[in-house]
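Attaching a single structure in structure tokens format; questions to follow.
A, B and C label the chains in the order they appear, each numbered from 1.
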Amino acid sequence: MILDKLAREIEAIIFAADTPVDMETLTRITGALEDSVQQALDRISGSLEEGGHAMMLRRVGSGWRIVTDPALGEVVSLLFEDRRPGKLSRASLETLAVVAYSQPCTRAEVEEIRGVGCDSALRTLLERNMIRIAGRRELPGRPLLYATTQEFLLYFGLDDLDHLPRLDEITELLQTPPEELQRPDHPEGEKASPKEDAAEDG
Amino acid sequence: MILDKLAREIEAIIFAADTPVDMETLTRITGALEDSVQQALDRISGSLEEGGHAMMLRRVGSGWRIVTDPALGEVVSLLFEDRRPGKLSRASLETLAVVAYSQPCTRAEVEEIRGVGCDSALRTLLERNMIRIAGRRELPGRPLLYATTQEFLLYFGLDDLDHLPRLDEITELLQTPPEELQRPDHPEGEKASPKEDAAEDG
Amino acid sequence: MSADTCRVTLELFEGPLDLLLYLIRRDELDIWDVPVAHVARQYLQYIRAARELNLDVASEYLVMAATLTSIKSRSLLPRRGEGDEDEDPRALLLRQLVLYRAFREVSGELREIENVWRDSFPGPGERGRWSRDTAPMDPGQASILDLVGALEELQADRLPPPPARFERPRMSLAECIVDIETSLKDRGPMGFRRLVGGNAGPERIIYYFLALLELAVRGRVVIRQTSPLGELTVAPSMAAAPKGAAPE
């Protein structure tokens, strides 16, 4: 079965959406009637199944979304298993920033700058191999010192720690007024040809 | 065409991943050989197309991802009204082009080619994650180097940097010292279509 | 050309190279063999018109004006001998034009690609990359801006403001004109070098030279040069009109 235009539109909308898409949204965006949308949904579902695809249309609450066939869950879970978790949380990023720019530094020093406890953020960063223990500060209690790792450089695409941009360089960049969004396209030739009547040095 | 088990697994993995999935990951998780994976990718692509689906398999950088057919963009973008970043301005686009073809390069090098200050364009591109800071040039002042990101490839739907339009021509131009620069052999007039040279890049 | 046309036009250009390419194309000139005198004349006309409107013409445009003038005059001046190892400014300009033109065209192609692929959407899993408060995950693709941004926010209310950043000096031509006129009025005729000041940088020299040309065009100063490449002597014109009068 080859999907028609309405079904293609609906499939695209559901695929791209962040959350399940309800009937009201589908009829509003496509301009089609509820009956037609329902039939298109059936066609999408049928076509995915017929082709033996791993993706399937599934009703969730009052909406629809595309999910992988649960039978393939095991393979998909392998994707996430031995991989580092993707994104750094805000807390980790802040903690990492402080360590990167004041390394080697102690937990107390990081916490002083962040103003909150950093235990778990430091632990996460250690687990993800973004920071390492780099000795002890010769202070009462001899607190541990943290520094960044090779992995950290890799993650941020730098060859060398002293390639890390200085704070003032970034500040300067960020102080540049942001550019206006889009300018009208260029005259590219004839449109803007001004008159020559002011030629005073010809 | 009905997808076989390997193709189903690969489709599920790519669908579930939060970034393009590369060949190494696919062979590791499925345990299949590279050739078999490549054939399965072709089958997935063929089947989606054959069924008239709105989703398509795309290669980006070294990985594969599933995205919606750009022809349906108008409908899908209704979902995202305010949340989608705007198009790049002409200044940003030119700056990005210079960075892409001469990366890694410094701000001064970009400005030399464009003949104007590029502060705010570089800032916009950094914020949109089209370019990144990629180290420093070992010159007096150790200026920061810029390079393009994976996001750049994603945004322009490019397989990799080798697929930049007119890559050979521009690389050669960049490497030619001024005194050796010569009119190209093939006839070229100001009025000729600029795309003449790029015909093979389609 | 009318004032408004010029304003609109100059704003539409992405810089002096863009303007030059426009002029070359408009007059159907050969980029590989640009008649510099002609192009320089057209170019200066644009700049002058913009300045008559008191528009602040970006310094890049003025530097290019000086370059064009220098290439033009170089062809008229006696050669300083064959051992002259200076890079040929004409070849440098040609390279700039050809390169910039190539990039301008490629940007156009990227625009077309953008128009197509901006309309292709990933699944929700990938959409995270639209979010601003997390860094992307691929090695080498994480953003240092995110890292530093986090630090900046932390420091915002704890530290004194960052050190004042270095501003690239942007002189205004109007200031240079006033300065020259004042100097001449107070101290009488003098050489260009003294007028500019002993340790002036290239930008200052260019600005003062442009200002001087402007004053000459307006008939407010007289410039003398007794030998080729000799020092310019500048004197206030006897017929100098009251300050601020139109060039006519």
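To be clear about the criterion, contacts are C-beta pairs under 8 Å (C-beta built on N, C-alpha and C of every residue); 3 or more make two chains touch, one makes a residue touch a chain.
All of these numbers come straight from a predicted model, not from anything done at the bench.
Chain B has the Cα centre that lies closest to the mean of all protein Cα atoms in view. Taking the mean Cα position of each chain as its centre, A sits at the greatest distance from subunit C. Between subunit A and subunit C, the centres computed from C-alpha atoms are 38 Å apart. Averaging Cα coordinates per chain places subunit B and subunit C 32 Å apart. One inter-chain figure worth recording: subunit A and subunit B are separated by 17 Å, centre to centre, where each centre is the mean of the chain's CA atoms. Touching of two or more other chains is recorded for residues 14, 18, 25, 121-123, 128, 136-137, 141, 143-145 of subunit C.
Residue numbers of subunit B whose C-beta contacts span two or more other chains: 15-19, 66, 68-69, 72, 76, 80, 87-88, 90-91, 126-127, 132-133. Within the complex formed with subunit C, the residues of subunit A that make contact are 12, 15-19, 66, 84, 86-90, 93-94, 96-98, 100-101, 113-115, 154-158, 164-165, 167-168, 170-172, 174-175, 183-184, 186-187, 189-190, 192-202. Subunit A makes touch with subunit B in their complex at residues 1-4, 7-9, 11-13, 15-17, 21, 25, 29-30, 47-48, 50-55, 66, 68-69, 72, 75-76, 78-79, 86, 157-160, 162-163, 165, 169, 173-174, 176-183, 185-186.
Those residues of subunit C whose C-beta lies close enough to touch subunit A in the complex are 1-2, 5-6, 8-9, 12-14, 18, 22, 25-26, 41, 44-46, 48-49, 121-124, 127-128, 133-137, 139-155, 158, 162-163, 165-166, 217.
Against subunit B, the residues of subunit C that register as touching in their complex are 14-18, 24-25, 28-32, 58, 60, 64, 87-88, 91-92, 94-96, 98-100, 102-111, 113-123, 125-126, 128-130, 136-138, 141, 143-145.
Looking at the complex, you find that subunit B touches subunit C at residues 15-19, 58, 65-74, 76-77, 80, 83-85, 87-88, 90-91, 93-94, 96-98, 101, 112-117, 126-127, 129, 132-133, 149-151, 154-158, 164-166, 169-170, 173-174, 176, 178-179, 181-183, 189-191, 194-195, 198.
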